[in-house]
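Below you'll find a set of structures to go through.
Next come two complexes, and both contain subunit A; in the first it sits with subunit B, in the second with subunit C.
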Partner chain A sequence: MKDLFKRRETSLFVIILILAAAVGFRAHDFVTPGNFLFIFKDSSILFVVSIGQFLVILTGGIDLSVASIMGFTGMSVALLDKVNPNMPLVVIILAAMAIGFVLGSFNGLLVSALNIPPIIATLGTLSIYRGFVIVLSGGTWVSADQMAAPFRDFPQASFLGLSNMICIAIVVFAVFAVFLHLTRKGRDIYGIGGNMLASQYVGIDVKKTNFMVFALSGILSGLAGYLWVAFYASAANDSAAGLELQTVAACVVGGVSILGGYGTIAGVLLGSIFIGVVKNALSMIRISPFWQVAIQGFVILLAIVLNTVLDRRAQASMLKRRVL
Partner chain B sequence: MTGQKSGTETSARAGTSRDGASRTRAHSLRNLATQWEMLLVYLLVAVFLVNSFISPYFLNAPNLLDSTFNFMEKAIMALPMMLVIICGDIDISVASNLALTSVFMGMASAAGAHTPVLILVGLVVGSALGWFNGMLITRFAIPSIAVTIGTLSLYRGIASVILGDGAYTVYPRSFAYFGQGYIPGTHVPFELVLFAVLAAGTGFLLHKTSFGRRVYAIGNNQTTTRFSGVNVDRYRLIAFTLNGLAAGIASILLTSRVGSTRPNIATGWELDVITTVVLGGVAITGGRGKIWGVALGVFLLGFLQFGMGLVNIPGQVMNIADGFILIIAIMAPELIRRGRAKASLSARRAAKAP
Partner chain C sequence: MEEPLLRLNGISKRFPGIRALDNVSLSVHSGEVHALIGENGAGKSTLVKILSGVLPPSEGEIYLEGRRVAFRSPHESQLVGISAIHQEATMFPELSVTENIFMGHHLTKRGFIGWGSMEKRTRELLASLDIGIDPRSKVKTLSFAERQMVEIAKALSINTKIVIMDEPTSALTLREVEHLYKIVRQLVADGKAVIFISHKFEEIYEIADSYTVLRDGAWVGEGQVKTSTVDQIVRLMVGRSLDQMYEKTEVAPGPVALKVDHLTRNGVFKDISFELRQGEILGFFGLVGAGRSEVMRVLFGIDRADGGEISIGGTKVAIRNPAEAMRQGIALVPEDRQLQGAILAMNIRENMTLPIISNLAKHRILRREAENEIAERYGSMLQVKSAGWEAPVNSLSGGNQQKVVIAKWLATNPRVLVLDEPTKGIDVGTKATVHKFISELAARKIAVILVSSELPEILGMSDSVIVMHEGRITARISRAEASPEKVMLAATAATAGHGGERSPL
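Presenting the complex of A and B:
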């Protein structure tokens, strides 16, 4: 079992390398350190949100509202910064995470307390939260020159020679790797996705855990919402719209089972980088950006079908081994 | 996924409840269903009253009939979506299917095709895209939500690859009839009549044929239904293909009504279609729902949105209302059911006590 996981991630890593080499052959600008840095920065936003999506998918749910949460928190903190330019950045980032937590908790309540299927609940909040963005902004946007310098420069700055965006991705990776693998709560998440009924019988609080994953997804989306607005230096009404599908793609490409219970944080990281490389490569070899959505859909479908087929084969071979 | 889960839940519950208890539960559920439809009627009347209070022009026959233009395409898509949801599945790719089908009709029209060919293109492409969903779902046993999230992105993506930021705007003059025309000699829109006919057909299929009974059975317990000798996957495949066909019909109507195709046509409509079905009293976990409820849901949501338009609520804000309506529509029956279970439990306790 462990070998299969390992093979999945190494093969994805090799695929990314081959893809990068092939694109680099066509467009020499692609293989510059500057461009790779841009890809990693760009992917780190996707990675942060995808971790939230990953936690929800692990329990067997899905969170379609992540991009709307990002849009709303991004707009909120941009307006907050516009009104109080002297507000410390730490407060802004904490505010983004707090707003994300509130919106994520609402999803969590709908799913855990009211038994609404996650797909339906978050399909509803996807449009509710996006509607809130328009109400909040009154249809206008916040542009770069209306943002305070520290707010706008944070994603471009670096810490100990490493870009802040990449630092944040590393911290998120480390925190959630520890959480998922070394804490009881983290193992509960895998348990629920693997077999909900069995988890309930061994005493895992399924409702509480369901609530928790949505709240965490909200917090991470809130953080990513700030990063998005600061990185692209504008808070528009449709910022990050459609990103929810990219997070699902990053997860399934990374080998996370859409049924829950199965997947690794390293897989999600590689999945996010894969999406980032594809996105960047398209513009580098001058393929129309209109291809992006179609390719994304194709990649999602292919990854899901492959995951299902491979999982089944792995299970079959395990059974065979046991019989012999 | 939902289908299987609800299946195990139902069987687990049926295992613990005794005969008499399950009979009363079935009875109270039937009660709940009729009450839900009565509630929809009351709400519809309320919406009518509010709308006519807002605008003096609302409550006259031609205006009322004309206002149905705004939601008949969604209404037609809601009909087979009902089959899909009763089976315990879901299809969130319908709006993308509509867009891609519209792009194919635009290409055909640009190549000089006449109206009958355009109709054929719409029906065939729509069904084919729905069939493709169903094939992936049943052949690989992948949850419908996962597959249709992928095709939501894929179909819309192909539409924008083909069109870029352009648009097809040239359609034959006779093509305009389907989305804009009236039944000759009356003021009844063709779209409304088509919906009535298709709704009657769906109702017959669901409530009067063995096909329909099996669809309910699949939604209630897929495993049992399979072991009873029903080819479950074939029924689900048919449901998804019909769903695609309806997206094709809706695409014909909408393209004809607005007279152009852009890649972002009908974006977000899957939310309205699913909301309509759920509002109509179809259980999102499958196995329950009536055509009358869905028909009422169509007009309730349609006139509600029309009323919001009357007071100039912008579309994006209307989405907030739509989202809340969806959540409330799912929540309400669950809460009512819980309240009832509690009431009947305490009643039984009171009866037991001497």
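Presenting the complex of A and C:
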């Protein structure tokens, strides 16, 4: 029974392995520890933002503003660091999360207090927050040599032999795994996504929960915003632009129901890694850059279809067994 | 007598234009099963909604163990000890049985959820009810009966005092019904009270101790099941003052327009045979779930039959889809006009011309004058009250929306018109217009099938009545012989004769 629950994650894992093996056949550089480490590092930013997206999607909503929040917080902390090169990194990271919280809370208010559908509300703030980036930067960017060394080097540095980026991803994974599985608030998220009416019947505060997921998504996007500008050592006006769709893809590839109420954090992790693998593989096997985006989309779609078909078949066989 | 566990005093509920409940009182004692009886639309569901905190009453008081209570939400009603088994609507299909039972009141230890203790408690609850379900299975994998049992276990997990079951047996097999009875008896033996809503007399006599009858939203009687006969209860259910007049023109029926022979759809209805003549109005009566609408869906080609034949005007036809049905001259005005009948965001003209839109085109270009003409002709025939034919349908009242839907199908010039609950939820004045209009249609030699759950409407409008119960025809009664008691008996008490065949679903 337990295996059945994990079926979607297992099949995705197998899909990733097959994909990696196939790419490895064409490009031997692909299957090196160094390259895998790079993929994990690269995917960890996507994973952190995708967890926020995941929480929102679990409630049946969507947050299209995550990449704009990343862009804005990334620009803010890069400017903060440029002006105060001696500011401790901890303060910078906390500031990034605080800014993300404010922007995410605004989304939360639009959705829970004003009852605006999440897709509309965050489509609006996607543009607003991105617009703020340009207002803030005055149209310029912050380059690597304008950043203080600790600020820029943190993602590349390592803790106990493990890259800081990967450490952060592990901590985020652990915190949200506990939150979603072992706290009432976490279960409430599954509840309102699964059946909103029923959740109200058992006394769950739907508005508060909706607000909470957007605020959390904002905090995680804020954290990821810092990681992005530090990892790529540049804060531009279009930093992370377009990443919001990759976070949705990471969730859906990972088996999260776009209608809400179902999904696992392990699935989101695998979904993020899958997208990281695809992006990396395409440049490894020297696909023309003109084609990469289109092929990336095609492969993601293929993975979703494959995974859904496998899952449906598993469910059908389960039902059949029930009837017999 | 001691203070009852639950006492309702003068409960009324008004919706705009409708009085759903009028001064209803009810007493339920602990350790008893109280049956709430009434026709469709008698107000049972509204009463359940008030008791379970879904709707607030407009007037009246609720007393629990002698103390006045009021709830603003279903949660508050559960907290004082009233649980309604809502079935499907309130479950979390993707989550486990354990979680469905504890959602909203997960057991925690130092702030973290104790899955182990919740699962243990779930096992105990399920065992106490003799239910063999794995607490870890997802609810979406459970059968209907199992889900119901989980809902009952959920009610027990919060120490409920009163369990409300709204037609709990309607989708259960015979064996599942036995199990449910056992659980109900166990609940009352533990000193809880069960409010059991049903219109099957077999069931009421099997399980209930006392009863209350509602009719048209009002209290009409109560008593002990042991000392009451079926006849007495039926008379309470239907014996209304016939203050509604039905204008019906006598029409000499023409040749047979529609003939249905042994029509069967597996697990839904079986052996449905009838004839319908031009100018005749054939009433289909039955309680909710009797299979009437399902027969009509097959007639109109929405669902497929598994057996039987349909002939129109003496020729055998195969109706594979609604377009085919329309070509054969059948039109269906569906029951749920919001979902199936009208496209609310479109205007009146667009709605009316939708089924015949290709006839109104010339060289594939829609002719607006032709459209306007149709809207004008049928709109004024039915006296649709609106700000013109360009007004969106969602700006109209329920009754006028219904007129638009009827007009839409009339524009197809049908030979057979099926009206499924044409006056459901519309006000008395509009009802009269619709009735008058149905009668006019029959006078114009259209064959009409009238599906209705309203007994007076069926009796007032039909030339003959077919009564269905659990997917079968249980009576055919001519206008002259039809009485409310006869029709209601065929729709309910027939269960006794069919007890063994209840599990086709």
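Just so we're on the same page, the second predicted complex is superposed on the first by the 284 of 324 C-alpha atoms of A that agree within 3 Å, B and C clash if a C-alpha of one lies under 4 Å from a C-alpha of the other, contacts with A are read in each partner's own complex, and residues count from 1 in each chain.
Everything below uses one rule, namely that contacts are C-beta pairs under 8 Å (C-beta built on N, C-alpha and C of every residue); 3 or more make two chains touch, one makes a residue touch a chain.
Because the structure is predicted, anything quoted here is derived from the model rather than measured.
Of the two partner chains, subunit B is the only one that A:Arg130 touches; subunit C does not reach it.
Set against each other, subunit B and subunit C touch different numbers of residues in subunit A, with B touching more.
Once chain A of one complex is fitted onto chain A of the other, the partner contacts of A:Ser199 are limited to subunit C, with no touch recorded for subunit B. Look at A:Leu55: by the touch rule set out above, it reaches neither subunit B nor subunit C.
Contact with subunit C, but none with subunit B, is seen for A:Tyr262 once the two complexes are overlaid on the shared chain.
On subunit A, the surface touched by subunit B in one complex and the surface touched by subunit C in the other have residues 197 in common. On the subunit B side of its complex with subunit A, the touching residues are 1-2, 8, 90, 92, 136, 140-143, 145-147, 149-158, 160-161, 163-165, 263, 268, 270-271, 274, 278, 284-285, 314, 316-320, 322-324, 326-327, 330-331, 334-335.
Only residues 1, 178, 181-184, 187, 190-191, 194-195, 197-204, 257, 261-262, 318-319, 322 of subunit A touch subunit C when the two sit together in their complex. Contact residues on subunit C toward subunit A in their complex (touch as defined above): 73-75, 78-79, 86, 89-95, 99, 103-106, 108, 111-113, 115, 134, 136-137, 141, 143. Across the complex, subunit B is touched by residues 60, 62, 110, 114-117, 119-121, 123-128, 130-132, 134-135, 139, 197, 237, 245, 248-249, 252, 258-259, 288, 290-298, 300-301, 304-305, 308-309 of subunit A.
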